[in-house]
């Protein structure tokens, strides 16, 4: 069954893809995290209908591949907040809106209920220029190759005291924070989005790992540094799921 | 399809419009922000029915154009709080209520679920008279012309300590606040509504921009000034959407 | 249409009314604020059915007029918390319960969903006897005649520090509070209910006005006095609506 | 109609009742407060069906009378949290679970939605042995005879500072608390349940009275003593209703 | 009826079971607590259909017994948060996700609504190595044999001050905490899961007992030690239920 679906889907993917690497690495890119639950009617559709709808999902994603980098996560079975989550990278936030509008008005999207939406902006690292050279060099170390199946999104809001600190004090605190994080650089990939004003957060922190215990220990280390005293929201919700490809999610949700 | 709709709609718009410029610029005007989600049945209606209902929306707006200035925002695809939002300016709040009653009892409105309602009053600037002359002059600088597609609404509540400060101390704090905001005046349009007693807020702050990163940096700057220590609610929810005309929303929602 | 309804309704109103003036002015009377939303099926009933149901509402109100003073408010179009609100004054709270039970089991009431219920007790003024004579005299000044279309309900909870103050300190604070409120006495009518133990509040404050900006300025003034530092809940929700008669609400909801 | 129901029901009540007096007065007994709302379909059933279902309710209660003391409260019309509430006393909490399982799987129970559940344990009075003899004697004074129609349940959580106090300091504070409560002993019946660990509370306080204003003044007095500074949750929700017998509730809900 | 079900179910259980003892005792194992409510349609299915669906549940559990240790709890009748809860132990969290995906897409699972999901990791005891030898010996004492029908799950979050303490100070506080808990070791079984980063908690504490009053007194003792001052979330929700086998739950839910 999974095979037939893949074949069908393969024929549809003809649009030119956006420069995914650039969108995922450069500053000045908007990242939208859109989490959804499937409605009660989804389970009542027969399998053929569900496969048809999922093929529509593939079509909608393809239509927007030219301007966006779209990643997909399976939250069901790990999170009570959502069943699936999209991460969309775009140079203009309106492009992400267009994709999500098309998604929600599609035959598949009519079974989706918005469970959470967050937006952030990638920016040049704020504090790295002020860090010691050795730390800068360490930060450039790549993470281990190989698949990183787990993805975790932790929204963060700092308190007013943090923003009232001058840049030097914040730099000193972020140096300690960075030192605590460095040992986990190899096994836990991190990406930071700045979201002040775009939603009710200051930062969206995104993690990928195959070593979930390392990720747990990383967060534990970050809670022990002084900077953590300035955090007024950490998670709430913490969104945990697994990285999944479009063909794989079609197979999972068709069941 | 979009063209046919526009034609139909064009014929209906015959009512005399309110003095929109006055409503949008003078003091003593009430601004109502009414956000709605579309119910589950909306997507199940066929396209012809949806177009008919959206034409009804146009009719309801036209009926109230004599007394109100009505703006429309598309939240879907950017916000998990609402699909559409109306901003209504009225000299008497009852007039906004009449419009929203007519809207909700219309064939279109029966598919709407109230997702949030806020009211505020425009007032003469509280602190500007006390600011230095140069700052007053700078504040008069117009924002850059051209469309500003993004609209953001941030509700604000100050804490009891703020209100306990005397006028001079509040003026000094608002001077610093204004200085931090000035660099963004050209690319981010702002409008302030006072809502103490009218809902569970003190202020509704409204922004329009085409440069979302400038808006992000503006809010970041405002979080770094002392006045921010007196803010007990900032957002929650932050409502982000795009400015949309009635014909455009008909096209989007008819899909 | 409205005329026909009024006629029909007029014939039903035969019960002897309670002494409304006494219930609305004396101490030792319970005030219940019961807010409701209309369910999704309401809009789907045809107009004749809706009129029939609204006539039932009139009948239920009439049945209880002997023991209760019942006021009605239209919240829809101004509040996202409720569509309609009843204010019921009774010497025994059980009588209000009986009315609301009859209402909810009526054909009209089956379309209502409880959106909030608060109870308070009218008591002799706590602090007025300790105020200066001039202030006492000023407090006796009547509010301006004429309709006051807007009604606002603000629930209040004081913190533990407030209740730990001795009577003299509370009197001094309430004197300042009363001074701040006096200038608005003519245009904003106020009524106070004590609700400690009867629900999760200490006070229900009720306001009527035709000058909404005066009401806004009144609340602003009250937030600036020291007593406000002891308030841990103010609103949440603030309920804003318009005073409406039974015949009028029948006309509005029949549409 | 009510009469016929009572007759029918009377024939069913044959099970041996638990020693209700013991369950309601001894230490080491579990009290479960289970609040429910009726679903939307309840009102749509015709009266005969509703009476049949309510007879089933009577049957379920009878089945468990051997091991449990079951009290019933009508919340509808006074509380927006629930329509009915059961108070169940049991020596083993599992017995209360069995009753509620039978209730929820019964034809009547299928119309119930759980609105709140709290469990507490009756214990020997913690502080009474340390009180002065006169106070001990006063505490033994019985409450006035006669029906007490109103029942109020106030859940309470103390803060960490309270639990960190030594027994002597807590005793001194509870002495002041008890003094404040004594004047209301005649008209307000109280019962205390300890619930630490059994749910998210420390205490469930239960009150019965015919003099609601006395109850209001009792709570007001308790908010003015020092011990109240250690309370971090008081109510939320406060559950207010009227004591009702099984035959009476059948009559009310059959309407 | 129960007997026939057991027979049918017995034939299906052929898969090789995971090493349950190891999963339940070793460090480095993930524990997932997944709570569900049954939807409104469940009660409307006839008994034969419900039995068929529950047999499917048995099948899904059996399919995953090779890699997982799965425990089941009946929450209905004791908790308003959930009807049933699964506790799943797995070496890889993805395996728990696979089970829950299969469960939710099964005919039985389509009647389940996710009510809460928490993940934690078992780790070697943090503080035990630093405790006095006598306390270490006492901690090794086994709990009394015999069934422990009650299960309680209390999620815990510590505040930033806790994480800022150095290891020695935390050890001293945990020594006092352990002393307070020791008297209850015989009658209350405890198990600790570390969940920082995996959800919005720091710890999941799990308890089993037949002596609910002892459990209540244990938690009361733990609230009185200094370490409790560093707890910012304790419960919320506290999940209380009874341990139940698969055959038993089939019998209960088939009713």
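Assorted remarks:
A, B, C, D and E label the chains in the order they appear, each numbered from 1.
To be clear about the criterion, a residue touches a chain if its C-beta (ideal position, glycine included) is under 8 Å from a C-beta of that chain, and two chains touch if they have at least 3 such contacts.
Source: prediction; values computed, not measured.
One inter-chain figure worth recording: chain C and chain E are separated by 48 Å, centre to centre, where each centre is the mean of the chain's CA atoms. Per-chain Cα centroids separate chain D from chain E by 29 Å. In chain E, no residue touches at least two other chains.
Viewed as a contact network, the protein chains form a single closed ring in which every chain touches exactly two others. All chains join into a single ring; listed from chain D onward through chain E, they run D, E, A, B, C. By the touch criterion given at the top, residues 40, 43-44, 74, 76-80, 149-150, 152, 154, 212-213, 215-216, 218-220, 223-224, 226, 228-229, 231, 235-238, 240, 242, 252, 255 of chain E touch chain D in their complex.
Only residues 28, 30, 34, 39, 93-94, 96-101, 104-105, 110, 114-117, 119, 121, 160-161, 163-164, 194-200 of chain E touch chain A when the two sit together in their complex.
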